[in-house]
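Below, chain A partners chain B and then partners chain C, in two separate complexes.
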Partner chain A sequence: MLNCYTPRRAPPAAVAVEEQTSADSSRKRPEHRGDGRKASELRRVYLDLGVVSQASGSAYLELDHTKVICAVYGPHAQSMDTAFSEEGQLKCDLRMAPFAQPKRSEVRGQTDEERELSATLQQALEASVRLDLLTKTAVDVYVTVLAADGGVLGAAITCASLALANASIELFDLVAACTAACADGQVLLDPTAQEEAAAGGSVLVAVMPSSREVTQWRQRGRLPSAQAAAAVELCMDGCAGVATMMRARLLAQVDK
Partner chain B sequence: MSSIVVPGQVITAEGGFLRGHGTYIQESEDGGEPQLIACVAGVVERVNKLISVRPVKSRYIGEVGDLVVGRVTEVGGKRWKVDVGGHQDAILMLSSVNLPGGAQRKRTYEDQLQMRTFFKENDLISAEVQQIQQDGSIVLHTRSLKYGKLENGQLLRVPQVLVKRLKQHFITLAPPIGVDVVLGTNGRVWITRAMPAEWTGGTSEGADMDTNVLTSKAETLMQLRRLHAETPILRDERERICRVRNAVVTLQHAFALITPDAIAAVYARSVEAGMAAKDMLQAEALASLMPQLDN
Partner chain C sequence: MASTQLACPGDRLGRASEFTSGPGTYTRGPHIFASLVGPVLQQEGAEGGLPVITVRGGRNAQDQVIEVGDVVMARVTRVRALLASVEILCAGETVLREAYNGIIKKEDVRATEVDRVDMGQSFRPGDIVRARVSSLGDARQYYLTTAAPDLGVRWAKSDASGAIMVPVSWQEMQCPVTGVREPRKCARPDAS
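Take a look at the complex of A and B:
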């Protein structure tokens, strides 16, 4: 039942969230997390390719309630308003849909958070794209977060990498990304928004799975070094799992 | 043997292979043989020692002599930029177009000022690839009477792998169909009505009598083009164009090569079945029109 779509129940309402966090802290080490997963278990992943017909390549990714869509345009000639570069340019733009989070965002234009996520996304992808072959051209990557329930950046990186592959842009390797959060001395793979909020710190790792080269490593909050190391290891395992699914999806697409 | 690979996948770790499109070589860390790795998702193709990966869809990489159909995106100082579906817009120099009347002379400043009278933004043109530059950008020319502006017809975009290089890319489908098809190697197909025989028959005699054959030929052809562009297309002609268009779409659905014979065959089959042109793309109709792969 790999990569098969079944709609899920809506995430629990805000009141229920509070109850659950208090219940979690009373039990020191729950066997299962709020959604019945083990600590080292990924959420259910759903991938789709070619979802935006006008784009050169596109992908859609779902980690339960985190939903991300990405469209890639190009390669095309570089626009006049940016500095000319002999090598190819990769332009990433990440935006949250106004309805992505429980509270509707009223901000017009890109927020600082979105700009930071865009920059991180670009860094994570840039290492995997063969920019030397895209002389004097630019590739645009547009990511829209449709629903944010934890692990948004990781989902965006994975989804964008698939969209690049779908656009037949030459890549050294795919990029798979994964997040882990540390809460109550326990490392949780692929946390939900609720778990992220409760956690003391989190780690994001993006790797090129074949060569196991890390393209992005982002750490937030306070983490003891042993826990940080454990979180990175867990992320690497998670990325390997995600990469298997990415490859399977791409192969299925080519076979068709 | 053909196999499917994804970016980052090792194709072979044996030495002695040549790196083709869609692959790269990586030195192995333990000092062994360098590995050949895929960098696009697609089918592995081997020609003797050369290994390449052919992606399902790709941007147009031109070859000198290709016929392309493109849209003018920009009129510059001495050149037009033309979107042909490549990495970058192709370049068409003012010096590589035909002047009206087929005059052969240096391009003057006056010509530069009149560039929009030849081609302006959003015009569709057919052209030939003259040169591929070092960085992969394409240079076009239209220095033949068959190339130039495309008017009064229909454009269709298909995957470029379906248009193989043929002897002839300007196709006139035989009289019962009576439709001209321009198969651009960049996957753009232009469909229009064929020149009626009485037009060409009448004017060619006049051209032969003229002393300056080349000039008059160019002029008469221009006149013909203008006549063609200005004459409205009648209902039955429209229907035939539409049927040809849907025949090409049918081939695209079957992922079959788009050749004159294949188009004519699908066209004939649809007429035999008594199908209206508009019904050709319905699911059952498509299935019955699809070319059989075994013959």
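Take a look at the complex of A and C:
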């Protein structure tokens, strides 16, 4: 059977990172996180391409329990409502499935947060697409988050970049993205939703691996400057790892 | 370089001093990089120039993009006094996944006697026309031209019988069933 894997069981909901309640001045940091990873360890990645048959290109990405699917349509005619643009246009749409989060959503239509994530996604991808070749055409990128367990925007950016490559849209480079959260003086790479919620702040970095150009950098919450720098470095390392996996999967598809 | 080398966007392929950048690649600084996923191919350079390095992608997205000068096949949707509206269906050899809008203005129908063109005698809705993109136009449509002998109506149905008509001159098509002639700006048939 192709592309088969055994999904890992969800961690028990009650498990939290160990907290020191003693009055010791020296706090002992847990070596391993709730799911057994080290601080600088990525979650297990699963990538697939061409999963939406009617799209020009598509990709599916899992980071353990974060699951994201992306479909790319285009190049096609630009919308008549928008102003004339000789250069190509990239339009990104990110939506959370109603069942993506632990509490099911009853909202219909796009929320403000989804609109913001869509705009951030577009900024992250635009620099990588050769828009000068897509004369007076548009490319639509649709990302649907099927399950959100932390690192959602990073997964969306990575997945969208794979889908664009799968659609044979000419790109300057792939875009790999990674998130890091800062909690208790420790920087954790690729945090789960629980780790993100417990963290004081988090950083997302999206980078084009071959030129090491950062296309998106998003910081949220409170981050001491030393930790912020360490978090960004960790993200860049994480992105390098993600980029290697993206390349391997894209090249494997060529032989099929 | 092995003949079966595969590349991903962003992979460095060679030096710009040794190769020319072809489709699927781009030049940045002194190097040439891939911009598609696929096998890397080397071809002879033009007239003893540097060899051309290209990457062949799977489904070529660039084929869906129309540029000025491209020859396209379009279906006429509306005919007005000053222009005919068309839907562009094919660009070169590629069938477009989604049609683009285009117009053929009265002065672009033919090369001679441009002010005496009667649009109703040049095109009818439903005709398939071979045209060339003369300009990117505006937000709504491309501007096309049929002002050349090899451009114009390639396929049209007879009003009388519904049969597919045959061109008899650059200005008339004839129904093979009834013999009735209808005015069109015809494209010269390809030499078979």
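Some points to look at:
Convention: the second predicted complex is superposed on the first by the 235 of 256 C-alpha atoms of A that agree within 3 Å, B and C clash if a C-alpha of one lies under 4 Å from a C-alpha of the other, contacts with A are read in each partner's own complex, and residues count from 1 in each chain.
As a convention for this text, contacts are C-beta pairs under 8 Å (C-beta built on N, C-alpha and C of every residue); 3 or more make two chains touch, one makes a residue touch a chain.
Since this is a predicted model, take the numbers as computed values, not measurements.
When both complexes are superposed on chain A, chain B and chain C end up clashing with one another. Touch criterion met: A:75 reaches chain B and chain C at once.
Which of chain B and chain C touches more residues of chain A: that partner is C. Touch criterion not met for A:186: it reaches neither chain B nor chain C.
By the touch criterion defined above, A:174 lies against chain B and chain C together after alignment on the C-alpha atoms of chain A. After overlaying the two complexes on the shared chain, residue contacts for A:137 are found with chain B and with chain C alike. After overlaying the two complexes on the shared chain, residue contacts for A:83 are found with chain C alone; chain B is out of touch. Two complexes overlaid on chain A leave one chain B stretch from 23-31, 149-157 or 239-247 clashing with chain C, and it is 23-31.
The residues of chain A shared by its contacts with chain B and with chain C are 56, 75-77, 128, 130, 134-137, 165-166, 168-174, 208-211, 246-247, 250-251, 253-254.
In the complex of the two chains, the chain A residues touching chain C come out as 56-57, 74-78, 80-84, 86, 128, 130, 133-137, 165-174, 208-211, 246-247, 250-251, 253-254.
Contact residues on chain A toward chain B in their complex (touch as defined above): 56, 75-77, 128, 130, 134-137, 165-166, 168-174, 208-211, 246-247, 250-251, 253-255. If you check the complex, the residues on chain C that touch chain A are 6, 8-12, 24, 26, 28, 33, 35-39, 57-62, 64-67, 97-101, 136, 138-140, 142.
Contact residues of chain B toward chain A in the complex are 4, 6-10, 22, 24, 26, 37, 39-43, 55-59, 81, 87-89, 135-137.
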